[in-house]
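Same chain, two partners: subunit A is paired with subunit B first, then with subunit C.
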Partner chain A sequence: MKHATNGYKVFTAFNILFMIFVIVITLFPFIYMLAVSFSGNSAVLRGDVLFYPIDFTVTAYRNIMNDAQFWVGYRNTLIYTVGGTLISMAMTVACAYPLSKKQLPGRGPLLMFMVFTMYFGGGLIPFYLLVRSLHLINTVWAILVPGAISVYNMIVMKTFFEGIPQDIEEAAQIDGLSYIATLFKIVLPLSKPVIATITLFYAVGFWNDWFNAMIYLNSNSLYPVTLYLRNLLMGAQLAASNGQGITSGSEAAVVPQTLQAATVVLVTVPILCIYPFIQKYFVKGVMLGSIKG
Partner chain B sequence: MEKVKILKRCVSACLAATVALGAAGCSGGGGTGSSKPAGGDASAASAVTVSKSGKVSDTPVTFTMLYADNSTYPFKQSWETLKKMKELTNVSLNVTVVPDADYPTKVQLLLNSGDIPDIVCNGVSGSVEEMALNGKLLCFSDYVKSMPNFQKLVKNCDLSAQLENSELSDGKMYSLPVNVDEKRVQTEQWFVRKDLFDKNNLTIPTTWDECYKDMKILKAKYPKIIPIQNIYGTDDLLCMVGSSFGTVAGWDSANTGFMYDKSSDKWIHAPTSDNYKAMLQFLHKLYAEGILDKEFVTLDTTTYDQRILKGQTIMWDGWFVGEVSYNEDGKKTDSNFNVVPIPALAGPSGKAGTKVTGSWGHSMICPASVKDKEYFNTLIRWLDWMYSEDGANLFSWGVKGVTYTENSDGTKAFTSNIISPTNPKGSKYLDRDYGCNNNNLSFVFPYDYLKATFTKEDSAVLDEESQKNMLTDPQPSLRLTSDEKEEENLVSTALKDYVDAEKEKFIMGKESFNNWDAYVKECDQKGRSKLSKLYNQVWQRQKSAK
Partner chain C sequence: MAGKIRKSLKKYYQLYLLLALPVIYFVLFKYVPMAGVVLAFRKYRMGGSIFGEKWVGFKYFQMFLNDPEFWNVFKNTFVLSILNFLIGFPIPIIFALMLNEIGSSFFKRFVQTVSYLPKFFSSVVVVGMIQILLSPSSGIVNKIIEANGGHSIYFLTEAAWFRPIYIASDIWQFMGWNAIIYIAALTSVNPDLYEAAEIDGAGRWKQTIHVTLPGIMPTIAITLIMSAGYILSLGFEKILLLYSPSIYDVADVLQTYTYRLGIVQSNYSYTTAVGLFQSVISLVLIWGVNKFSKNVLDTSLW
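And now, the complex of A and B:
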């Protein structure tokens, strides 16, 4: 390699500085949340807390963990995430694999039909009426079933399957393997990157989802923890932006910032922890669907 | 080619069938809702009889309820008050808890899908009118005759004028008031750092001019301090000042800023009136001399709290009992820290006024379909019971012996484990642990209860304000027909937006008061004279219809 030119050195220096800047900006909210969650409330209100906790205390965490509704929510979120991801993955693979075979009759129109739904929808109320007519309201299935297949994810998977050389599958079939067996024994083991990536997409999607729960579920015992968190934060924000609705002191009161921060930490940390393990697949997966065999 | 054509036809046939089925499904659902007309008949009202056992219901009954959950006191089915209510009335509630933040969306969804619970709390205003007039909501005007406790409350607390205000354009009432104050109470006041006044030998001001002079002295003494700050923007500031200047401003303002002038029996456009101009000029004086916070439009709650606790501000608007936590936190850094509320300050005419103070802040609605349920009579009796002394006491004072005790002379006091301003060492919260003081379930707040939840200083301000008649009455409401509403909508947004922008410019000095006449003319151009004619016409019609 040639000597690094001055221009290149300047560029590298600038690049490094810029990256450090981006890292700090991205990392700072998390550090701030951690600091606030372990601080005393007065210090937070005074605005003294920045990078590290002041008046170190774990009362916020204790208060949350004593709240039964928090654990109910957590249990529900885990159920929805694990169950939802499994169901979604099964259905997405089942949808993507046949669609990846060019000899499937009606493949073109089917794909167009599905892509159409990515851009146009019936609206919130008709969709609610549909789910209601299927008797899914206020059941676990209202969360797991309607959004089971994300067309985007399915297309990514389909393109990956198309990239697997047909020769391998044909060889397997000559040896007498059925389609389903081919799928499980040949195709899926080769598709680890896409399986990992799409699983991550779905898992994060289910973990973060509060909107579907808010619309379709009525009883507290089914609410995920993200809805609990949202109520904690948004109730406060609502008061913070629209004082017109406040008619008494108890409405002006907001949930203490330390409590909010502690809940945020407890809800985001688990999903953050999954990322390092799947990261290597994720990096590979970014190129997915863009290169065809 | 043939195969593709056949396939295309199959697919389009399937799509068409799906659409047809979907449309059939929709119309099926909507049909049942509109078949019964809104106004109940007299025979239905007379069917609400008294129960045999004396309790609201002879047999256990459960109503479904949509509940707006305040995150500071999340709903618990185990609340003592709910158990006691079941004991006293045989009524239990099947509650669907919806977070405050998403409540309007959920209400819309449920009301449109037909899955409406028996009781919907916190009726969301705008949409209620449309649904009520389409016959989807229960008309309470037909049933209040069978609600003796409610009528007693209306008579004792003089609520009939305000109830009339809540009637819709067909002259009927489709919602019931919740959180009714037996005696009107204004919880938003101006608060000051009394210790700073004492330290500089100043007395608490009683007029805005005195306040200005005091703030000038304090600003000279403490140059880094922002003397007056406000929360929630311009509208909050204006509504806390407007009444004292004899006008209606900020959040108090409705009907595109038009206010009712009793002396001339006319509706006039407040933002172009002389009183409003005087108010803007006063606020501009405060702003220009650094007394009013330069960020009065955009200040957020975090900075607002920080300034108070760091001692960077002297006077601000807040809510009763808020000063307790400020004093607690503030004393940690400054032992003299002392925040107190002050009564409303008088304007140039010598009269002081708080912001508009109504008797209640929330309401509840019922779907029209509840009329056909077999427990409808019980529901009406239960609603009436919630307004009775027993019902009101249960959701405010709580359960006798557990949250409060009653003395021989009839006065009540909280038990020693309840946290209150006079008892900060308590262990239990009235709202979080017992379900009292609740946005949805406390239909009435007895006056002695409210006083017990306030500090001594809060009560003192309250007493002074009610004695000196400082509580501003709500404006009467105008009943426009839907055609008139359309006419109003054509111009009201443009006029309101223009006024909102200009009033801030006047305060900040970006617009000079020399251009006041040009501003008035522009308001006329934007529809002021048109609206003036419309509103006065509607008002005359309303008066003659009575």
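And now, the complex of A and C:
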């Protein structure tokens, strides 16, 4: 790099432009959603909206916020995200900690027993029939329990636990701490980065899920907000293919686009707000996961 | 032997206690459905056992193997997977290599952070954005086409547009995330190698080919095996949201087919057979690629 050739200088200029292009392309859809959601319907239909709202209005947001179903959905999403993440974390720690002890008899076979499920599974239908035969359909447990442990996340956590110096734990055990006490008093406090990472992985998964909710739940009162958005999109699609717009219950007919965009924004905003603070943990997760590979 | 087991049980009982619930979880939610594939060979009765009631052998396999619709779905799955793989696999590597050449570390970090943001959006959010961006009446893409004298395109109901939309949105959503692992591998390439190459008169381009690429080759091999094994697991939630009967011809893939015929229409045995067929192909693929990689590239998953 000390002796940059002319060719390399041209490349560098192109490269910087390319990276700016990547940023714009990545962010544009979201900026466009924001712009559309705050614009007047006719401005959107005319195609005037690009980077910022035209005929600024909050009608779309008002309409959504007046819809009780939206708030039910948001509340459910919060419950599923918090509840599901707690269950998943408890199960994943309980699974990863014993398996991080190389001296544990039976560790190898148990690991194989779990890892095998990453490569082979029964598929959608046997799983669905199982959930149904356990009478979990249309209960919150159908969302919280079936995906409780991700083998990938468990292995990331196990790898981290294995990296904690054994003598710290052994010293604690000489002082009379049991394994479970060691886990809570020594190991978990030393594992904050991996705990944060895996918690976030699970939380994002629960926050974003709509498919499980769609197949396992059948009453509006249990639907998460992602399913609310999905039904809105499907409705709009249906209306579009029938050649008619959707009108909301209120006096003002709302073009689906502004309404859809506003819902997209409201579903995404929590993730966007915390993203700058948590993104480093996600990267850490990838690193921890790749060590094993 | 028995004494030894008793001794280790006593010593490690707390660890086994912790493992109890996870093991029950794996048996119940992973291995029971795995045993449930037996339904592919047995007739299901509504409200009956999830393992079926009466042995029918390969009847359901014969049914789908003789069904032209199945073969079309099968073809769609392969074509979309392979296209998505051929285009989607090298792009994060190229992106990582290019990002690696950026001098300013602040700018580099900023680009990287922005690039993997979309990974955290729900498929329903991504499809919502696609619908709004591509809307025939008001979407910005069609407005631009119209402004340039073209006619607005019904992107989501035209079969020819399905694959480009699927692949482009996948790149948009996952390029940055998939690049993380390569970016990390790039930082661990020994800087002495670059110096040596420079002394030998290699320019940046030659250094990339002869130093950087070999340096990240093991990482590429591992991701290659992983992707090959999961090649049939397309982002089926996205397809489910994107497709409509008018484009089933190209958009319907094995998972959406299984979902529609199984969960919506309750053909449980038939779709279990289709699912099993797919799982076995995936397993063979990952095993084969792993073996190949072990012999040729000297890297493997197990």
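Just so it is clear, the second predicted complex is superposed on the first by the 243 of 293 C-alpha atoms of A that agree within 3 Å, B and C clash if a C-alpha of one lies under 4 Å from a C-alpha of the other, contacts with A are read in each partner's own complex, and residues count from 1 in each chain.
Note that a residue touches a chain if its C-beta (ideal position, glycine included) is under 8 Å from a C-beta of that chain, and two chains touch if they have at least 3 such contacts.
No experiment lies behind these values; they were computed from the predicted model shown.
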item: Touched partner set for A:Pro109, first subunit B, second subunit C, both or neither; value: first
item: Partner chain in contact with A:Ile137 - subunit B first, subunit C second, else both or neither; value: first
item: Subunit B versus subunit C as contact partner of A:Ile215, first or second or both or neither; value: both
item: More subunit A residues in contact [subunit B versus subunit C]; value: C
item: First, second, both or neither for A:Gly121, with subunit B first and subunit C second; value: second
item: Subunit B versus subunit C as contact partner of A:Asn63, first or second or both or neither; value: neither
item: Touching partner for A:Pro98 - first (subunit B), second (subunit C), both, neither; value: second
item: Subunit B versus subunit C as contact partner of A:Gly47, first or second or both or neither; value: both
item: Which superposed partner A:Leu27 touches (first subunit B, second subunit C, both, neither); value: second
item: Overlap of the subunit B and subunit C footprints on subunit A, listed as residue numbers; value: 45, 47, 105, 113, 124-126, 128-130, 132-133, 215, 227, 230, 234, 236-237, 240-241, 255, 257
item: Residue ranges of subunit B touching subunit A (in the complex, touch as defined); value: 3, 7-8, 11, 22, 25-26, 29, 69-75, 96-102, 105-106, 108-109, 112-113, 115, 179, 187-188, 231-232, 235-236, 251, 300-303, 305-306, 309-310, 318-322, 329, 332-333, 361-362, 431, 437, 439, 453
item: Residue numbers on subunit A that touch subunit B, as the complex places them; value: 41-42, 45-47, 67, 69, 105-106, 109, 113, 124-126, 128-130, 132-133, 137, 214-215, 218-220, 227, 230-232, 234-244, 246-255, 257
item: Residues on subunit C engaged by subunit A in the complex (per definition of touch); value: 5, 8, 12, 14-19, 21-23, 25-26, 28-37, 39, 50, 95, 98-99, 101-103, 107, 110-111, 113-118, 120-125, 127-129, 131-133, 135-140, 142-143, 146-147, 156-157, 172, 176-177, 180-181, 184, 198, 203-205, 219, 222, 229, 237, 240-241, 244, 246, 255, 258-259, 262-263, 268, 271-272, 275-276, 278-279, 282-283, 286, 301
item: Subunit A residues touching subunit C - in the complex, by the definition given at the top; value: 1, 3, 5, 7-8, 11-12, 15-16, 18-19, 22-23, 25-27, 29-30, 32-33, 36, 44-45, 47, 49-50, 91, 94-95, 97-99, 101, 104-105, 110, 113-114, 117, 119-130, 132-133, 145-146, 148-149, 178-180, 183, 204, 207-211, 215, 226-227, 229-230, 233-234, 236-237, 240-241, 255, 257, 260-261, 263-264, 267-268, 271-272, 275-276, 279, 282-283, 286-287, 290, 293
